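Following are the structures in question.
Two complexes follow with chain A in common, the first pairing it with chain B and the second with chain C.
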Partner chain A sequence: MFELRRITKSFGGVHVLDDISIVLKPGDRVGLSGGNGTGKSTLINIATGFLAPSSGQILLDGHSLNDQPPWKYARAGIRRSFQTSRLVPTLTVRDQFRFETCDPARRRQLVAHSALEDVLDLFPFQVPLPVLRKIEVVRALLADPRVLFLDEPSAGLSGEELSAFARFLSRNVSGDAALLIVEHRQDLMRVLVDEIVTLESHVPSVATAGKPAEAVGDA
Partner chain B sequence: MSLYVASTLTNVALISFLALSAYLVLVVGEVSFGQQAFFAIGAYVTATVTAIFGGHIILALFLSTIAGGLAALLLAALVIRLSGLYFAIASLCFAELLRLTLLRIRIPLEIDGRSTGMDGPEGFSNIRWIFENDFEVTDFLILTVVCLLALLLLLFYFERTTVMLRARLVGRDSLLAQSLGVRPDHYRMAFIGLSGMVAGFGGALFALFNTHIEPQMFGVMLGVHALAYTVIGGLGAPLGPLIGVGIDIGLLESIRALSEYRMIAFGGLVAVLLIIFPQGLLSPRAVNRLWGRIRRRDV
Partner chain C sequence: MDFLQTSIDGLLFGSAYALLALGFSLIFGIMKRINLAYGSSLLFGGALAVWLEPIIGWGAVGVFLVTVLGAAFAGIYVERLCFSPHLGKTGVMASMIASFAIWMQLDEISSQLLPHRTHSFAGIDIEAVSFSGIILRGDQILHFWVAVVAIGALYWTLYRTRFGLLLRASADDPDTAYLLGGKVARLGMATFGLAGVLGGIAAFLILSSDGQITPHFGLWSTFKGLIAMMLGGVGSLPGAIVGGLLLGFAEAHVTFYLGAEFRDILTFGLLLLILVLRPGGLLGEAIYRTGRLAAERI
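This part shows the complex of A and B:
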């Protein structure tokens, strides 16, 4: 079980996150929404070790991960994608998947399910942005993460592609894994997540939770 | 083969070890101006082992490799928290510190009526291994080239491994590497250590070939050249640094008319090449594209 407990974060006096608590259990599907600059990416950065919270705790199975470097989070099965796609520009798509020593059959399966076969021999700069994001998601999935954070993975996808992407995610994120996805599109949220956490831009910012497509209730 | 050609080729091969060691550091994203230090350590260790203790060449090469590697690990451990510019400066300081120390160590010895041993600025003379073992210049050339080819084969094999892929990732984007569970400092340490081993080995052969070594041979310019070879040759494959060495020593030095202006010619050439090929001749992308063509492997 992964837990963010009473996380606050301020950047030089600007409070971005104020007392956020989130628990992710195996199989959880959580959507994270909120307007621009409400701290969604900041929350993911904190949850994956890329940023230290101003206060609060990050716990995996009850053990604190505070002050650990990002690679420890990753090795513990906490994986992420980045909001601005982050791939190695000098490697073909195929090679972007070689960092992980995973079962080749699983790799083939993921590539097939995500319809990436056609771009395998291309370099990132030859591939459209939405596809790059999908590549990142596949890369994160190769490790069979326990907790997966996706930062706006569907940006730029058209309606048709979006539902394919949603199918891909629900099919390939393991049933034992927890997924937290930053997403603005309600239609994707509806098919994918069971719970939505909304960050609000008020200072202090507060998290509220509710059912998908439902008005935001109290946390 | 004329003596001149053979010894030029031997020099190309010897400096290639140094260039490859700078390459290994660049792969993990650090810039070292101090690889000549490990080269020097290898040279002095082999000089000591063979000329003073009459040790076997295998032992000498082995100890030089280990000593170079350990010295590099020491440097890496001291400055692993530093990176970028700071590492570059630290490596430079380390190498200069070593050179200045070598200038001060004077333990002259006389063996069989010949002066040898470390003698400060006078250097270490009478490293007579090649004479004692009846090595002609061409014999030594073959020895050096065989060693270099073996190293290259090893590196070529290594290139396509996950370890190398991750090392390159650490060099390019250390945060992305971490998000994939790769621990950057381990890779940096390992590759810097490895680079020290390669330089130490090359330095050992250098001492045997030159029969006389002195601290001035291992100055900053040697390190700068080693770095420049990889920068122009490209970071895409181990062949890159070798192309760089070939261009400088093989081409420029052999054009005798250029001799006085070699540094200027080399500097100009580096500038021109970098304007045309900013990523070096064998850039990572070019190499990976080639690989993609050669074998369209399964995922």
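This part shows the complex of A and C:
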């Protein structure tokens, strides 16, 4: 079980997060929404070790991960994507998938499910954006993550591409992994998540929880 | 016959340049770190070996080990002081200037270790081989084979292991290496240490061939290594070998036919010509183009 307990974060005098608590259990599908500047990406940065909280605890199975470097989070099975592509620009897609020492059969299966066989020998700059998004998710899934954070994975995708991407995610993120997804597109949220946590911009920031339909006003 | 002998001499001497270029290519091309102190790290290894030789007393073996370990230690020292505090693209200028300061420091330490300017350097005696009137120097044949083995080992490490993939990822973007589980700080240290080992081997082979070391070796190896790397292509390991061999070949012929005073004029002219015609170097064009397109698109 992964837990963010009473997380606060300030940058100078600006309070971005105030007393945020989230628990992610295996199989959870949580959406994180909120306007610009409400601290969604900051929360992911804290949850994955890229940023230290001003106070609060990050716990995995009850053990504190505070003050650990990001690679320890990654090796503990806490994986993420960034808003912008973080594929290694000078490696082919095939090489991007060789970072994880997973079973080759599983790698082949995931690549086939994702219909990425044709782009394996291309560099990221030769691949269209929807495929890049898919590659990043597949790379994270090859690590068999316990918790997967996706930071606006649909950014830049059109309507049709978005539906295909939503189908791809719901088919390939395994049932054991907890998924937390930051997303502006409520149609994607509706398909993927069971619960939406909304960060609000006023200070102190608060989190409210509810079913996706309630949170997006689509009862 | 003169042409053939000169060509072979040049190519075999060029394999020492190739070894130097391999270390430069790893640091400058693969890791994208402008480490001006690389040559002086090699000088430091050699100077430390000469200084410690009477104390250790293992002859050429001791000199070899201290040269390699000293250069690796100096490489890690440079990484910790100059490059580790400035990860990512924003620190390029600060780390380069810091490495310039360490260049001066290591040169000064080496000068203190070598007070007589020119010191003898333990050599390894290998018989020359001759056939059909052509003579091949034994030490230069050794250079060639060490260069071949070194490029094979380095290529395998960088392109066939997870360590190599993470190392290349951390060169492009430390955050990406982190999110893949890479210990970026240790990757940086390991790379600079590895480049120090490669450079230390090159320094030992070159200095033992010459039989002497002077405080100018750092600057000399920086010039030769950088030029060979750029001729072959920055970031291309086969390019480092080709660049080194080409540099040795060209220098040998200019020295033989025109005189030693024209050697550096030709060297820099050749570099200028190749950079104008092929900005990525002879074998680095694909890497250069990939890097440029990646920077534009990603």
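Keep this in mind: the second predicted complex is superposed on the first by the 214 of 219 C-alpha atoms of A that agree within 3 Å, B and C clash if a C-alpha of one lies under 4 Å from a C-alpha of the other, contacts with A are read in each partner's own complex, and residues count from 1 in each chain.
Here, a residue touches a chain if its C-beta (ideal position, glycine included) is under 8 Å from a C-beta of that chain, and two chains touch if they have at least 3 such contacts.
Keep in mind that this is a model prediction, so the values were computed, not measured.
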item: Combined model on chain A where chain B meets chain C, clash or fit; value: clash
item: Chain B versus chain C as contact partner of A:P69, first or second or both or neither; value: both
item: Which of chain B and chain C A:D121 touches, first, second, both or neither; value: first
item: Touching partner for A:M1 - first (chain B), second (chain C), both, neither; value: neither
item: Contacts of A:L51 with chain B and chain C, given as first, second, both or neither; value: neither
item: First (chain B), second (chain C), both or neither touched by A:S85; value: second
item: Chain B versus chain C as contact partner of A:R108, first or second or both or neither; value: first
item: First, second, both or neither for A:R98, with chain B first and chain C second; value: both
item: Doubly contacted chain A residues - partners chain C and chain B; value: 48-50, 69-71, 74-75, 79-80, 82, 86, 88-91, 95, 98-101, 123, 139, 143
item: Residue ranges of chain B touching chain A (in the complex, touch as defined); value: 162, 165-166, 168-169, 172-173, 175-184, 236, 283-285, 288-289, 292, 296-299
item: Residues of chain A defined as touching chain C within the complex; value: 48-50, 69-71, 74-75, 79-80, 82, 85-91, 95, 98-101, 123-125, 139, 143
item: In the complex with chain B, residue positions of chain A that touch it; value: 48-50, 69-71, 74-75, 79-80, 82, 86, 88-92, 94-95, 97-101, 104, 107-108, 111, 120-121, 123, 139, 143
item: Chain C residues within the chain A interface of the complex; value: 162, 165-166, 168-169, 172-173, 175-184, 287, 290-291, 293-298
